[in-house]
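I have a structure I would like to understand better, so I am pasting it below and will then ask my questions one at a time.
Here the chain labels run A, B, C and D in written order, and each chain numbers its own residues starting at 1.
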C-alpha cells in the first residue's frame, strides 16, 4: 500500500546509478562524448562543456533515475543467476524481441525529453557509439542488457535538451 | 551479448504470469469483469464471452508477457526484501512518483493496443474497480506495486481491442 | 527540406494557443481548477496559486504548444468542412477509435511530464471535469475533438509537476 | 460530439493513404525495400515476399491509417500555404524541434508494434535509406515534413513484425 509520508530518496538514487555506471567503466564524460558526436554536426559552436552539463542535468531527473535503477537491478540479478525462468534466460541472452530494456530506456528516460530524444535513442541503439559498443561486446560474463539502453537513452535525452536550447 | 539462436520461451512466460496471477487470487475472468464494466455502456450487445476471449488474447501477446514478468519479479523481490536501497523502499512503499510500474503497464502492455487502451488504463489506475481495489488495499505484507498496474493494463488493452472490433 | 537557420517562434505559438483557448471560453484558471481538483486530496496544503503557476509553466513548453497547435488547426479545419474525406467525417463525428486526438494529448503533452501525467490524463479523459464536460457536450456546431484532450493533457501535466514537487 | 452510430471508414482511409503515397512516388514495395535492408542481416533466410506482406498488413491497421492521414493532410495544407502562422512556417521549414511529425510516426504507427519498432524508427529517421533519402531532399517546393516519418514508421513497424515472427 502507498505510504503518503514517504520522502523520495533522490540523492540515494543518483549515487546508486552513478556508482554502478562507474563500476562498469562508464563516467558522465563518456556519455557526453556520445551526445557531442550526434549533435555537433547540427550545432557548429557546440562545446563539450555544454554537453557535459546537459548529461549531468538528465542524470538528476527523478524519472530517469527510477528507470535506470530498475534496469540496473535486473542486469545485476541476471548476472547473479537469481531471476526465475524464463526471465533469467531472456535477459541473460539479451533477446532482441524482449523489448523491456528499450521501454525503460526510451519510454522512461529519453521519452520525457520529447520525440527528438526518442529518435536519437533509436539511432544510438542501433549504431553503437563509443562506450556503447564496448558494453555490447563484453565477453566477461557480465550482463548489460539494460545498461547499454540506459546509457544510450541518457545520451539521447541530453542531445534533445541541447537541440531545444539552440532552436 | 545477444544470442541469435535463442528461441523465445512464450509458453513458459504465459505460465509464469498466469500462475502468479492465480497465486494472488486473480483469474482471467476477474480481469474480464473489469473490461466488461468499462465497455458495456458503449456496446450494448457486448457479451462476457467476447470479453473473456479478448483478455486471453492479450495475455498471449509476447510484449505483454515480457513486461508483466518484469513487474512481477520486482514485486516478488520487494516482498522478500531482496532489492538494494533505495529501490527496496521505493517499491515497498508504492511511492506515487515512482512511475516505472505505470510505464511497464501503460507503455509495455496497454500502449501496444493504441491510445484508447492508454486512456482506459489511466482511468482504471485511478478508479480501482473489482479485483484492483482488493489488490490495492491488501494489508498482508505482500507487495502489489506492479501487479495492480499490470492487471489494469491488461483489462484496458482488452477493452481497446473490443472497441476497435465494434467500430 | 529542413532550414537550419529557422528561429523557433515560441512566443507566437503561445499566443496562438491561448487565444484559441480564450475564444472557446477556456482560460488558464479553468485548467488550474481541474488540476486542483485531482491533486488536492493527495496534497492537503496545496494552493490554487501553485496550481496556476504550474499550468502556466506547462503552457510555455515548446512541445506542448506544438502539439496543441496541430490539434487546434485540425478542429478548425473540421469545423469549416475543409478536410478531405474520410478524415473530415472521422474528426467531425469525434469517433472513439480515431486515437490521434489522444496521441497528441497524451504522447505530445502529458507524456513529457512522465507516467503520472499519462495516468492523470486517462482519468480526466473519461471523467470529464469542469470545463471539459462543457466542451464535450457543446451543440453549437463547433468541433472540439482535439481541444478537450489538449485541455485534459495540460491539466494532467500540471498535476504531475505538482506531485513531483511535493514528493 | 461523439456519434456512436458512425461506421469507421477503414477502406476509404487505406485508399486515401496509398493514393497519396503513389502520388509522391512511394509504393508499398519501396517501403518493403527499406524494411528488407534493416532486417536481412538478422534473418538470413528472409524473403522479399514476406516483407512485402508485412508492409501491406501494417498499412491496413486502423491506427496506422489514422495517423498517416493526419500527417498527410498537414503536409498538403502546408504545401498550399493554408495553415495559420506560426504553424505554416514551422511545418514548411521542417524544423528539427517540432516533434509532432515524429510523434504521429513513432507514437501512432511504429509504437503499436512494440519497442523494436520504435528503435527501428529512430534509426531510419536519422539514416535515411532508399526512398526516404529522396523525400528528404526534394527541392520541388513540396512539403514532406510528415511523409518521411510516416514512411519510416511503416517500414520500422513491418520490421518489428518480422522480427517477432522469427524469434
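The definition used in the following text is that a contact is a pair of C-beta atoms (placed from the backbone, for glycine too) under 8 Å apart; a residue touches a chain by one contact, two chains touch by 3 or more.
Here the structure is a predicted model, which is why all the values come from computation and not from measurement.
Residue numbering shows that chain B and chain D use the same positions for more than half of their mutual interface. One of B-D, B-C or A-C repeats the interface of A-D: more than half of the contact pairs, counted by residue number, are shared by B-C.
Separation between the centroids of chain B and chain D, computed from CA atoms only, is 30 Å.
Distance from the chain C centre to the chain D centre is 25 Å, each centre being the mean of its Cα atoms.
The multi-chain contact residues of chain D, meaning those touching 2 or more other chains, are 4, 8, 42, 62-63, 95-97, 99-100, 103, 107-108, 114-115, 164, 167. Under the stated contact rule, the graph of chain-to-chain touches is complete, every pair of chains being in contact. Those residues of chain D lying in contact with chain B across their complex are 4, 7-8, 42, 62-63, 108, 111-115, 164, 167.
Taken together, the chain C residues at the contact with chain D in this complex read 1-4, 6, 8-9, 12-13, 16, 62-63, 66-67, 69-70, 73-74, 76-77, 83-87, 89-90, 93-100, 103-104, 107-108, 136-139.
By the touch criterion stated above, chain D contacts chain A in their complex at residues 42, 95-97, 99-100, 102-103, 106-107, 114-116, 118-127, 163-164, 167.
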